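Let me give you the structure first, and then I'll get to my questions.
Going in written order, the chains are labelled A, B, C, D, E and F, and every chain counts its residues from 1.
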Amino acid sequence: MMRVLVINPNASVEMSDVIREQLHAVARLDVVVEVVNPPGAPPAIESALDEAACVPPMLALVREAAGQGYDAVVIACFSDPGLDAAREATDLPVVGIQDAAMHLAAQIGYRFSVLTTLAHRSPVRERAALLAGLDRRLASCRPLDLPVLETVVNREQVVEKIVRIGRQAIEEDGAEVLILGCAGLGDLAIRASRELGVPVVDPNAAALKLCETLVGLRLTHSRAGLYRSRPREEAMV
Amino acid sequence: MMRVLVINPNASVEMSDVIREQLHAVARLDVVVEVVNPPGAPPAIESALDEAACVPPMLALVREAAGQGYDAVVIACFSDPGLDAAREATDLPVVGIQDAAMHLAAQIGYRFSVLTTLAHRSPVRERAALLAGLDRRLASCRPLDLPVLETVVNREQVVEKIVRIGRQAIEEDGAEVLILGCAGLGDLAIRASRELGVPVVDPNAAALKLCETLVGLRLTHSRAGLYRSRPREEAMV
Amino acid sequence: MMRVLVINPNASVEMSDVIREQLHAVARLDVVVEVVNPPGAPPAIESALDEAACVPPMLALVREAAGQGYDAVVIACFSDPGLDAAREATDLPVVGIQDAAMHLAAQIGYRFSVLTTLAHRSPVRERAALLAGLDRRLASCRPLDLPVLETVVNREQVVEKIVRIGRQAIEEDGAEVLILGCAGLGDLAIRASRELGVPVVDPNAAALKLCETLVGLRLTHSRAGLYRSRPREEAMV
Amino acid sequence: MMRVLVINPNASVEMSDVIREQLHAVARLDVVVEVVNPPGAPPAIESALDEAACVPPMLALVREAAGQGYDAVVIACFSDPGLDAAREATDLPVVGIQDAAMHLAAQIGYRFSVLTTLAHRSPVRERAALLAGLDRRLASCRPLDLPVLETVVNREQVVEKIVRIGRQAIEEDGAEVLILGCAGLGDLAIRASRELGVPVVDPNAAALKLCETLVGLRLTHSRAGLYRSRPREEAMV
Amino acid sequence: MMRVLVINPNASVEMSDVIREQLHAVARLDVVVEVVNPPGAPPAIESALDEAACVPPMLALVREAAGQGYDAVVIACFSDPGLDAAREATDLPVVGIQDAAMHLAAQIGYRFSVLTTLAHRSPVRERAALLAGLDRRLASCRPLDLPVLETVVNREQVVEKIVRIGRQAIEEDGAEVLILGCAGLGDLAIRASRELGVPVVDPNAAALKLCETLVGLRLTHSRAGLYRSRPREEAMV
Amino acid sequence: MMRVLVINPNASVEMSDVIREQLHAVARLDVVVEVVNPPGAPPAIESALDEAACVPPMLALVREAAGQGYDAVVIACFSDPGLDAAREATDLPVVGIQDAAMHLAAQIGYRFSVLTTLAHRSPVRERAALLAGLDRRLASCRPLDLPVLETVVNREQVVEKIVRIGRQAIEEDGAEVLILGCAGLGDLAIRASRELGVPVVDPNAAALKLCETLVGLRLTHSRAGLYRSRPREEAMV
């Protein structure tokens, strides 16, 4: 038995419901998934300001996760806010859905594109690919022009947008794989893939499966470099 | 139930035994793993000549895998020989242990090092990291000075070498994660990790878990670009 | 007359005193510099956790800066915590001392090295250089092995360390310019430069001068891409 | 008091007049700016041949600058001709307007575009960005299709072109900041910025402000690497 | 006198005839060129599967080349299949036409484009440029949408396509030099160049001339790294 | 019959004698090589100042080369001074020995090192590799600590240095091929190669052979981009 804590770091309970339902469908039978919103989270995460605001309440949950019997933590916002800090805060594996999705996509095609929500988040995605080392593998980042909270409403229109913009990424940018760049879109991956004829990565599922892998192999983030720091109170003991 | 075909593309039955035993220990309960050597394989794969020789017999097995009820294929040689061709040859997910190990390592630390068998294989590893897009994440590739077939004999000496060279990679090159760069070494990852205090990636296990992920999410390599070609006989039908 | 708000985002009043004294010495006569600590700041910023903790109180000050008649803001911590968010929060120019120091160094020599406080912050510096686009210009990042708060005590020892480690960077890594990688070290740049015979960049001064430049040319960060988002309350009006 | 020698290395006195007037408007009150043409300069600098021809007369002025009481030198041609040689020739800070403009732009937005004069100069700009380390930050280099000497005549048409081509760079290439890529265009930056709604960098002003910074901080180019050589006659003494 | 063995690793005798005729026209008077197809070669090389299939028969010829008095070997397929293995197999210089063409193009212009046969081979070319280190010099890879074997039939149509697609590469991608990306196209380079007004590199000729250079300077591939391995039977002696 | 003009752009007649003798030994029988010093050249080229000074007299010779019946021009200084300008000045192929040597080395091994004369010229070589696109292929640039003019005196000591420093490049930096980084060293390549057991590239010979290739294939630099400009007087006609 394995327990995974999925933190949706914004305040949308509706989005958490969508994520929960979806992950239950793809989780292994022996994996328990809990999806929560941190108290005091911002309504949605669409800016660096939102990211800064969502991290402290999210970290409070991360710190308690090990004590509550979880085996791994997923940060279910495509910007991977606070990922480095969360890894410093716990020895449990902590997985960001953007990083997991990009590495998974890179393993099944040469070039992938990210379908992001808002146009001004493109440089954020491009910098994430650069830090991941996958900038040469990123064919493009195309905006769906869709605020985060709208990803879970009016879903037929959302699917139609994904298919239309996704097709542009394939035909004009040479994308071989697509990534749905928002936690609220994950469950649409299979439909989109069926329509477009290329693999479409659901970032939530990619992150959950990476947790299964890490826990299964008893691996977690290294403490020898980037994540060497520990919480000050702990370091002081 | 899921069935994974692990092809050890050299002729060493001893090495296949080691890989089989190891993978049985880490596979999920509902995953059946079979490890085979292709008829006519070269004794070991330590050069581009060996790679060229091992690919045709390996591809024969890949082509039959779907018909025999397998769900995924692992190429269990750290050079990932014939990976592109194998993906053209089948719609089953095909995973190379080097690519899987590098992406897994990149997800749990900023810099990783590969412990390779022979010094002259270092440029091969570096070019693989470059193609993967992970060249900036590769701290170093350090040779163990160990022919491939010796990885599965005299194991205390092998462990001692891994620990000694691995420590140099951590202390001198800034590696936060290590990869054991040969299919014959995979089972030593846990011991090495315990001694060195950093995550050590077993490439066989990394590949098996990626298969579990891909099959679980019904994903396989994209046919929209690099792997678009199909076997000529099939294309002609 | 120009007024620059320098935010030292940790809780050390001693460090702010050092920074204030130093900046008064290099500011133009018509530039008023105020150095403050945000209420509720962490003791020092030596981890991603510290960065996450320091950002919200710092942003509160950034938001009020324009209303209080400031013309520009400096974030005086070498990790540039919250720089993107701060730029979203205000139309005043906001300058991070790390980014300013790296660009200044790159304009007076081909290769520069950063002398950072603690060894595990090296990957943080390297990733900052990568995002800045200056990774090829970074000769090395060498740790002084000095906790942040000790930079402002026992200064003879600190200078001795800077000179010793700086010399290694010049002789072994090919550094032509050095950057003192902590706000608490800035005032030692001139002494270090005199001893080492190469330019040594004080990051606080680099940032202040960039403020003078931006205000003088009526430039601020672009709102057309990375910094397009604005505070939610404002966007809602 | 600070004295800055601005060398317009072509023969156009009209262009020098435009530069002088513009720089007087942005220079600090205590900064004296002199703009000169070297005797024997080529009519305009639009090729590598022009660059080769303009360097020797320009260097003669650089060599005398310190003796004449200048504190810093600006090379006011966007190709930064002879910048390395000029730095070898004097210990005064020497600033090229292209390098200064690119670094300034990179500090106020993620992606910048250069509006260059003639199409065939684009590879020259791209190679300069590469050497600066800013190739990933360069969104595009778009030609105005305007010979250098026409930049200072018929200015309404020139502004119209800048606005039209600049808008393409913003909308099609993702530029967040624009650079006017010719010394003759610098004074139009403020008008262009007002029309386009993004920061527009005047390279002459960027260079002048960098001189103010370097002199204010008593910094000059390092003699430890790229600029180690000195004039032969001096070295022989 | 120098003898060069040109191996066309597919089964098309017609293509070998075209290559032979063409190379006779550009070879030095004292250079004897022989063009052969390996027994058992695949009909054409348009996939990784084809590459895998063509290598073993090709290597048999490479192994015998020195004994038969050849001075150098050319692999006349634009994917350079088996190049590394061939270099391990013989001490004679072995030249791939893709690598030779890219380096030659890079020496006569800043950006070059490859006109490849089929669209899905573009990632293959891009990865070859990456390994060569010439990715920044590659303006684009544009498909002619032409199966390999059709390159040598209906040549007026082929020329028309080269000119049309080549013009797009020049005008839209900034290519200064073009490479004809298939052994079957080499002889059309001069006509294409005349029509397009830019240098067009014939990869067969580029490879032949590199052989002349290497043999003339008594150079061959280094045995100190990537090509250190030797055939197992030889190593065992 | 082909005539190649080799310009040694410094004033050393002794060095020209060495180059001439050496090139006569490697030139094809039907190739006439003339080695000249431009009137007014600087004594040696060891700085950017020297480069700036040597270019105008060199260009005068380049301009006349076509009229005097030459078929190609070599610039025989390892810094390739004035190469872009020379290509603008003539339609004859113009080859720089550094660029030719780097591309030749990259075609016979994965990593090459340059043995340069003086330590401070290392950044110059590294930037040249970057512009060539071969930075990832450059293992290192190691100084021989030898002024340019001493390369042609006391040759036993020079050979001993090349062998000693070259061995370090092979063993410590992973170089598979060496380049002798000065026109005065070219003739020592064969001896060095014999002693070191790796290919050693003579840059003069590499450039001459590239001329033979270009003239033989009727290729010259493209006029479609970087080298589009032509001499002003000519453009005015």
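By our rule, a contact is a pair of C-beta atoms (placed from the backbone, for glycine too) under 8 Å apart; a residue touches a chain by one contact, two chains touch by 3 or more.
If you're wondering where the values come from, they're calculated on a predicted model, not measured in any experiment.
The set of chains touching chain A and also touching chain F is given as B, C, D, E. Put simply, the C-alpha centre of chain A and that of chain D have 44 angstrom between them.
Rounded to whole angstrom, the centroid-to-centroid distance between chain D and chain F, based on C-alpha atoms, equals 31 Å.
Centroids built from CA atoms put chain E at 52 Å from chain C.
Residues of chain C in contact with two or more other chains: 110-111, 122-123, 127, 130, 135-136, 174, 225-226. The touch graph of the protein chains shown belongs to none of the named shapes. Here the chains touching each other pair up as A-B, A-C, A-D, A-E, B-C, B-E, B-F, C-D, C-F, D-E, D-F, E-F. Put simply, chain C touches chain B in their complex at residues 122-123, 127, 130, 135. Across the interface of their complex, chain B is touched by residues 110-111, 136, 174 of chain F.
For chain C in complex with chain A, the touching residues are 42-43, 46-53, 55-56, 59, 82, 84-85, 87-89, 120, 122-124, 127, 130-131, 225-226, 228-232.
Looking at the complex, you find that chain F touches chain E at residues 26, 28, 93, 95, 99-100, 103-104, 106-111, 132-137, 170, 174-177, 190, 197-199, 201-202, 205-206, 209-210, 212-214, 216-227.
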